[in-house]
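Here subunit A shows up in two complexes: once beside subunit B, once beside subunit C.
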Partner chain A sequence: MHSLYANLLNETEKLWRQRRTKGFLLLALILPVVTVLLSSLLKMRAGMLFGLEGSLPVAMLHLFTFAIIPLYMAAAAAHSFAGEMAARTMKLVLLRPVTRARAYASKVIAIAVFAALCLGVLWIASTVSAWAVGGPAGGMADSLKAYAASFVPMMAIGLVCVFIAQLFSSGTSALMTIVLIYAAAKALPLLLPQLSAWSVFSYTRWDVLWTGSGAPAGTLLNTFLLLLSYIIMAYAAGLMMFARKQL
Partner chain B sequence: MVIRGPGRVRSEGGRQLPSRDPGFLIHETMEDMMRKKWLSAGAVVGLGAVMLLTSGYSVMANTSGYEAYKSAFTHTKGADSMASHIVWSLSDNGTKVLSGTADMKVNHAKQAMSMTAVVDDGTRTHTMQTYRQDGKMILKSSDSEVYRVMDQAPEWQHDGKTAQMPQAAEQVMEALVGNIKDLATVETGSDGTKEAELHLSGSQIPAVVNAVGSLIASKAGSADGWNHGAAVQGHLPAGHSEWKVNLPKLTDEIKVEQIDLDAKIGKNAALENQSAEILVTGKDAAGAAHVLTLQLNAGFSGYDATTPDRVDLAGKQTEKVDNRWERNGWNRH
Partner chain C sequence: MNSVLEVEGITKLFRNHRGVKDVSFTASEGEVFGFIGPNGAGKTTVLKIITGLIRPDRGNVRIMGHDIVERFEQAVSHTGCIIETPEAYEYMSARDNLKLSARFYKDLPASRIDEVLEKVGLKPYRNERVRGFSLGMKQRLGLASALLSAPRLVLLDEPTNGLDIEGMADFRSTVRQLADQGITFLISSHLVHDLSLIADRVGVMREGHLISLGREDEWNGAGMSLEQYVTFKLLESKEGEHDAQLIRQSAE
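Moving on, here comes the complex of A and B:
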């Protein structure tokens, strides 16, 4: 287990050293504050109200789960797998006393760590800024639940990104492909609505099933199992390809 | 020693090498190991696929609440004729500030309609009658004995049915609603009717709905906008400036707190009853908290068997009106 932990530290540091990770976390910190400032400015100047104060944490969460977190995970997965293959630094990872399965696991966990960190930063930043302009703080437990629940679909999407990244040996082409697939998958339910229940990409707002009066337990269980099956399949298939990869 | 395979640079510790051809056999064992790994990884993917199939079908089955409601709604809109009875009220902190009823009979095939709407502001009531007959629109307010007649009724539709929402718009809306439709539930009663409900509260309410709701709630409080807006719909007498609705003017922390939609779907797969309750909270300029509640209940009956009422204008005072409705409302300030 030590090799997993040691490599996780390596991978986390590698991601942290990238500018995009810092930018991504900074965005989670700044965006809620800017939104609140803009809306209160508009309210003072033009008397326009957006009713944002109360729902800011969840509105922000949906913005991030819709685009920003998947985009970051796609970039991180593309860089961490295909990108390292192209830069020939993957050899350095595998020369360490760590099995391929553990190298794979540590890379996946490192991406998950930053996705979770982003959710945490975003929750604190949006809750504090909503509270600062006098928004009702009553829904705090609710929004915390929403943030925790969002982690599951984010992981499923992140692992699908990791799986796709295995198919490429260049970071940019992997990223381009993932983004195209994501956009297409998001648009697909518009053409074929019956498919949306099956697509992992249509669960980015899964958290609404958990908050408030909540969905019936059966729905929660079924959708959770659906996301879990995507997680299992993408992880195993990605691992299979990673283990076979010729350097 | 040749070791093929995925960088697993580890000697097989306690393995006894047979005497025949060690190299070849080591190859064999590595291949075996790989095969086993592949098998187990394949089994995991297979398990995931089975899980996906079972849960996916259950999820699809569970969206039936939403689907049942959608098809009932389409049925209701598509009916040739029907009668509806609507009761609504608007209250502020539990005190009714405005309420009303509307009885409406529509027959699309005959291009006819009749409606009696009553609005009550707590101190007095006002009745408005509207008829659509023989291609004319007739309005009568309880304030006067004059029947106002519009020669050309506003165009309703092209083919006798209410304009259908385009498929694309419906799908865009569905995509926007996203996972919220999984929250809708449906229960089938023993008599074949169905109860569909969608209850949203707090953070479940989409930000767009919250923003629009807050905007309406903040504008509704300013009496000017309310009067003209209502006058357009013919519910309130136009130009009666003393008709003041006692609504608080919300300025702060406006939030749509709760939206409850309940519907009863009859055996004919059309809506029998639809009720809605919307709660908006907020504070007025003085800092006092308000809870605005809009309650609405609509019953639908007489599907394909409704004949709208007619009014006989013979011997009655009439007045011709321009049929440009907009000029009575928004633009005349």
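Moving on, here comes the complex of A and C:
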């Protein structure tokens, strides 16, 4: 297990050293504050009411889970897999005493760590910002539940990104392709609504089932199992590709 | 002497039908084993199989008695290597690159990083980003990275590429000094002169086959230089004239 831990530290450090990671976390920190400030300013100056302050944590969560976190995970997956292959630095990991399975697991966990960190920072920043202007609607426990629940579909999307990234030998082409697939997957259910039940990309607002009075336990369980099966399939398929890579 | 590396009948064929066929040899403690042959002979493929970067179709590799497939972590924990070009994270300093590698070895003292940087002459540049390094400096960093874990087996692929004359001399003396301390080296090169000054034993490769294994006293005893010995072996093997010509050219 030491090798898994060692490579997890390395992968986390490599992601942290990227400007995009710091920018992504900074965005999670300042966007709720800026939103509240702008909203208050418009209220004071023009008397316009958005009513956003109370629901700020959930509104921010939906913005981040719809676009920002999937985009970050796509970029991180493209960098950690296709990008490292292109830069030939993947060898630096695979020539060390760490099995392919552990190297793969540590890369995936590092991406998950930053997705979780972003959700944590966003929750704190948006809750504090909402408190500053009257307190979040629905209470803290409800929004915390929504944030925790959102991690599951984000992981499923992240693992699909990791799988796709391994089909490419350049980070840029991997990122472009993932973004196009994501956009298409988001748009397609508008034409074929029945697809949304099966597409992993349709569950980015899964948290709404957990908040308020919540969905029936059966619905929650079914959706959770669907997401879990996506997580298992994407992880296993990604691992198989990683283990077979010949450098 | 104890066998540090045992390679048994490894075969790997790629889609273009090139690769290595039935390669077997062993390397003992403190031995400098030279791997020589023209470009495309299969030297790098053998090194990649030994380090687990490529899985062979057939055959086994054991490092310090550990099978490279079944007990990968144990086997690789005894090795250090540069395969093809020495790579590094260019956005990090030399020291930070080694820090990342050092995390894999639990009992490595913190002073080891500066120790290996000093050994390869990079200590004054330890905090500079690798992006600004010359090829020779990257090669030295690769060597530092290979020696970091105090390995029992060091595999080096074309290690003198990019080194200046002084760098090559330093490299040879470092290898000899470490071999005398019991570290085994497997050095692949297409340059005969590189190996003639340090190798105790050479394996000659051609078209994926290990066509000959010879000791230093064999070519010295026959009054031949290593270059003449390799040329002789290549000529001796079927259709080896062209390869022998290439080796002669590289020696010139």
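By definition in this document, the second predicted complex is superposed on the first by the 244 of 247 C-alpha atoms of A that agree within 3 Å, B and C clash if a C-alpha of one lies under 4 Å from a C-alpha of the other, contacts with A are read in each partner's own complex, and residues count from 1 in each chain.
The rule is simple: contacts are C-beta pairs under 8 Å (C-beta built on N, C-alpha and C of every residue); 3 or more make two chains touch, one makes a residue touch a chain.
Just so we're clear, the structure is a prediction, and the values are computed from it rather than from any experiment.
Looking at the shared chain after the overlay, A:31 reaches neither subunit B nor subunit C. Applying the stated contact rule after C-alpha superposition, one finds that A:9 touches subunit C and leaves subunit B untouched. In the superposition on chain A, contact is made by A:58 with subunit B only, not with subunit C. Residue contacts after overlaying the shared chain place A:87 against subunit C, while subunit B stays out of touching range. Of the two partner chains, neither subunit B nor subunit C is touched by A:152.
Judged by the touch definition given at the top, the superposed model places A:99 against both subunit B and subunit C. Contact with subunit B, but none with subunit C, is seen for A:226 once the two complexes are overlaid on the shared chain. In the superposed model, A:17 lies in contact with subunit C only, and not with subunit B. Once the two structures are overlaid, the count of subunit A residues touched is higher for B than for its counterpart among subunit B and subunit C.
Contacts of subunit A with subunit B, set against its contacts with subunit C after fitting on chain A, overlap at residues 94, 99, 247.
In the complex of the two chains, the subunit B residues touching subunit A come out as 6-8, 37-38, 41-42, 44-45, 47-52, 54-56, 58-60, 62-63, 168, 171-172, 174-175, 178-180, 182-183, 185, 199-205, 207, 210-211, 213-215, 218, 251-256, 281.
By the touch rule above, subunit A contacts subunit B in their complex via residues 48-55, 57-59, 62, 94, 99-100, 134-136, 138-139, 142-143, 146, 189-191, 193-194, 196-198, 202-206, 208-209, 211-213, 215-216, 218-219, 222-223, 225-226, 228-230, 232-233, 236-237, 239-240, 243-245, 247.
Residues 2-3, 6-7, 9-10, 13-14, 17, 87-89, 91-92, 94-99, 246-247 of subunit A touch subunit C in their complex. Against subunit A, in their complex, subunit C makes its touches with residues 48, 51-55, 72-74, 76-77, 79, 81, 83-85, 87-92, 100-101, 103-106, 145.
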